[in-house]
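The structure appears below as structure tokens.
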Amino acid sequence: MSKMHLEKNRLKNPLVHCITNYVTVNDVANMLIACGGAPIMADEAAEVEEMTAICDALVLNIGTLNERTVDSMMLAGRKASELGHPVVLDPVGAGATKLRTETALKLIKEIPMAVIRGNISEIMTLYHGTGSTKGVDASIGDTVTEDNLDEKISLARGLSKNTGAVVAITGAIDIIADGTAAYIVRNGHPMMSKVSGTGCMLTAVIASYVSANPEEMAGACATAIAAMGLSGEIAYERLMKSGGGPSTYRSFIIDAMGNMTSTELEGGMKIEVR
Amino acid sequence: MSKMHLEKNRLKNPLVHCITNYVTVNDVANMLIACGGAPIMADEAAEVEEMTAICDALVLNIGTLNERTVDSMMLAGRKASELGHPVVLDPVGAGATKLRTETALKLIKEIPMAVIRGNISEIMTLYHGTGSTKGVDASIGDTVTEDNLDEKISLARGLSKNTGAVVAITGAIDIIADGTAAYIVRNGHPMMSKVSGTGCMLTAVIASYVSANPEEMAGACATAIAAMGLSGEIAYERLMKSGGGPSTYRSFIIDAMGNMTSTELEGGMKIEVR
Amino acid sequence: MSKMHLEKNRLKNPLVHCITNYVTVNDVANMLIACGGAPIMADEAAEVEEMTAICDALVLNIGTLNERTVDSMMLAGRKASELGHPVVLDPVGAGATKLRTETALKLIKEIPMAVIRGNISEIMTLYHGTGSTKGVDASIGDTVTEDNLDEKISLARGLSKNTGAVVAITGAIDIIADGTAAYIVRNGHPMMSKVSGTGCMLTAVIASYVSANPEEMAGACATAIAAMGLSGEIAYERLMKSGGGPSTYRSFIIDAMGNMTSTELEGGMKIEVR
């Protein structure tokens, strides 16, 4: 199944419109190309509806939101959803400020999301309608562990029920849930937390994958997350052989995604279906 | 000739003011330094005229245009042209949205451009005053091939005649034309399409080269394009030896430009004069 | 002492709010993580006070300032200073345009800065209240040399006296001064000037270090500068062994900061106390 998700994504080469933050936008663009998609960034209200109309999917990432771009997100989100394009939300820092929490809540209220991907603190904030987090990283107290996994799956299911979206909670252990299925992904490497923007990159990869596999959104989302985690693992092995640190590692992650074959993915992915 | 263009560029170290998109801006800055120029980014209306006045050339790139920055582009463009600085336009995504098409058309109408560099779809849009394109990449139906080369050269010449600018159509085969000469450049590597921003980087390199070689704008533009393509070839060879994927390749392209000698360029460039 | 600064920084893992330019922001984020801090970027007036309140330090970098973000800098700066968080100013391009000079002067007038870090031209502009510079690089005539070192230390001391901030002038030789002490740092490598954003990255590292070592701000600032320079030296050695150019070098600098131990720093730093 995952093999097919990767192959379809490379075959369809989805064009993904991203309204995203300026911190990690270049890595998002290059990771999108690496995974098999294609990026377009456009955030001006006067053009976002027209731009999103020629695309296959839309990413809304609130990492450096401002009044102007939030308006553009609303416009693009409505148009994309009207056209049946999957919209993927990355609620960066929801819970950290009122503006981020309210913007994220407004976006999920007014736009039917295909996927919402965040860390555990961000997803808890969206579920409870309020929250707190240490900036853009998950609060340590919230971490998903093997012990509290069932509880966190329920959380993902709850937000999925409320929104209709596939909900992905990513971290050391990843949870993907929709109304019926839940997937646990155990790929990845701790050093990925030393690279800024792995979450933003992943969100864009998810948008590409779900666009190419619309009949299996939750499954394709799990595959995208496994592919990203596996890229981190492959990159880490290469880093250990060649030497280097976090910046070389960042490049190696994108390289690994660019070189990944469906056979490699099938052999390395660790997806559990619950 | 090309050898001299590179040497003059390194010697003069032109300061290039860039009003450019936030997706690829860091690669543009580093590529400018690598080629022998120096970058300044400034996009606020209140300062762009003053900033461009202390520079040697101006790049206008509409990749993530917005109302505010389009105003700044007009102000900076008029001032630079008034001072005799070469202005280089990169009409990213012209044809994809009305805003982009109209902005690009307005810019070439009101500001005398030294060079316009785009992919074939963007240049066709500027020539015909309307167009369509798949986002920021050229439409496949428009691709420049050995078979339709004469027709595409005519297009470049036509836009050059209408605007007074050197027109560069870049892709697998590159065309550079002004009112009198036309150059065909056959450097580059297909893998360059796996790196976001090679076009934006090239535009900035062109601005640096034409600023350092004002008496031979079209020739210097062709040299800059050959240097970029050759960087892609050298980087690819290095990538094949060392292993890696698209992100490593991106770094290697900038490295190759940084290390390029005029002798290396002369030996590797493939410029045909027509 | 420096050893302790590094260790405390890694231990405290300060959260640094950056209102910074979009050219080098990704490198700033990754360098902050590499040094032991954590980045948050947020520049919208509606959220910057709330965001800075959950952080440990604030960076104000005017590299691509605009009207909207200058307002946000004022709001965030006042709030951070009210809360006793160190605020670090990077007056990129002060002296190049009236807007930059006036903004930098306004910021140091209204917000008590913990550290001001700039190149010699920028610091001279802030000291004299006016100035001229070739864009974002220091003017050659101003360069700090062994011959004029005393004079430049006096300049740093003068600006420190006027503002209450630790003043850091960075270049081939670095000067750090507050009201009482002065440090000269002789780490670094000339090739660092081939990488865009080393100054911006350094400013963020300084913010992290002074936040983790509030009782020794000037000393911690000197340590941060030595750590950055040493990273450039280590990266250069690695570059000479592995081959590559400016983009590989950029990655290696971040890698070196990420891998740096306190023992390595102690062995390699060249800090003179005056």
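Chains here go by letter, A, B and C, matching the order in which they are written, and residues are numbered from 1 within each.
One rule holds in what follows: a contact is a pair of C-beta atoms (placed from the backbone, for glycine too) under 8 Å apart; a residue touches a chain by one contact, two chains touch by 3 or more.
Just so we're on the same page, UniProt names per chain: A, B, C = Hydroxyethylthiazole kinase.
Just so we're clear, the structure is a prediction, and the values are computed from it rather than from any experiment.
Chemist: More than half overlap in residue numbers between the two sides of the chain A (Hydroxyethylthiazole kinase)-chain C (Hydroxyethylthiazole kinase) interface, or less? Answer same or different.
Modeler: different
Chemist: Using only the C-alpha atoms, find the rotation that maps chain A (Hydroxyethylthiazole kinase) onto chain B (Hydroxyethylthiazole kinase) and quote its angle between 0 and 180 degrees, to the nearest 5.
Modeler: 120
Chemist: Could you grab the centroid distance between chain A (Hydroxyethylthiazole kinase) and chain C (Hydroxyethylthiazole kinase)? Build each centroid from C-alpha atoms only and quote it in angstrom.
Modeler: Centres of chain A (Hydroxyethylthiazole kinase) and chain C (Hydroxyethylthiazole kinase) (C-alpha means) sit 33 Å apart.
Chemist: Listing for chain B (Hydroxyethylthiazole kinase): what residues touch at least two other chains?
Modeler: 22, 26, 250-251
Chemist: For chain B (Hydroxyethylthiazole kinase), which residues count as touching chain C (Hydroxyethylthiazole kinase) in their complex?
Modeler: Listed in rising order, the residues are 15, 22, 25-26, 29-30, 33-34, 38-44, 46-47, 50-51, 54-55, 68, 238, 250-259.
Chemist: So in the complex, the part of chain C (Hydroxyethylthiazole kinase) that touches chain B (Hydroxyethylthiazole kinase) is made up of which residues?
Modeler: Listed in rising order, the residues of chain C (Hydroxyethylthiazole kinase) that touch chain B (Hydroxyethylthiazole kinase) are 21-24, 26-27, 63-67, 93, 96-100, 134-137, 194-197, 243-248, 250-251.
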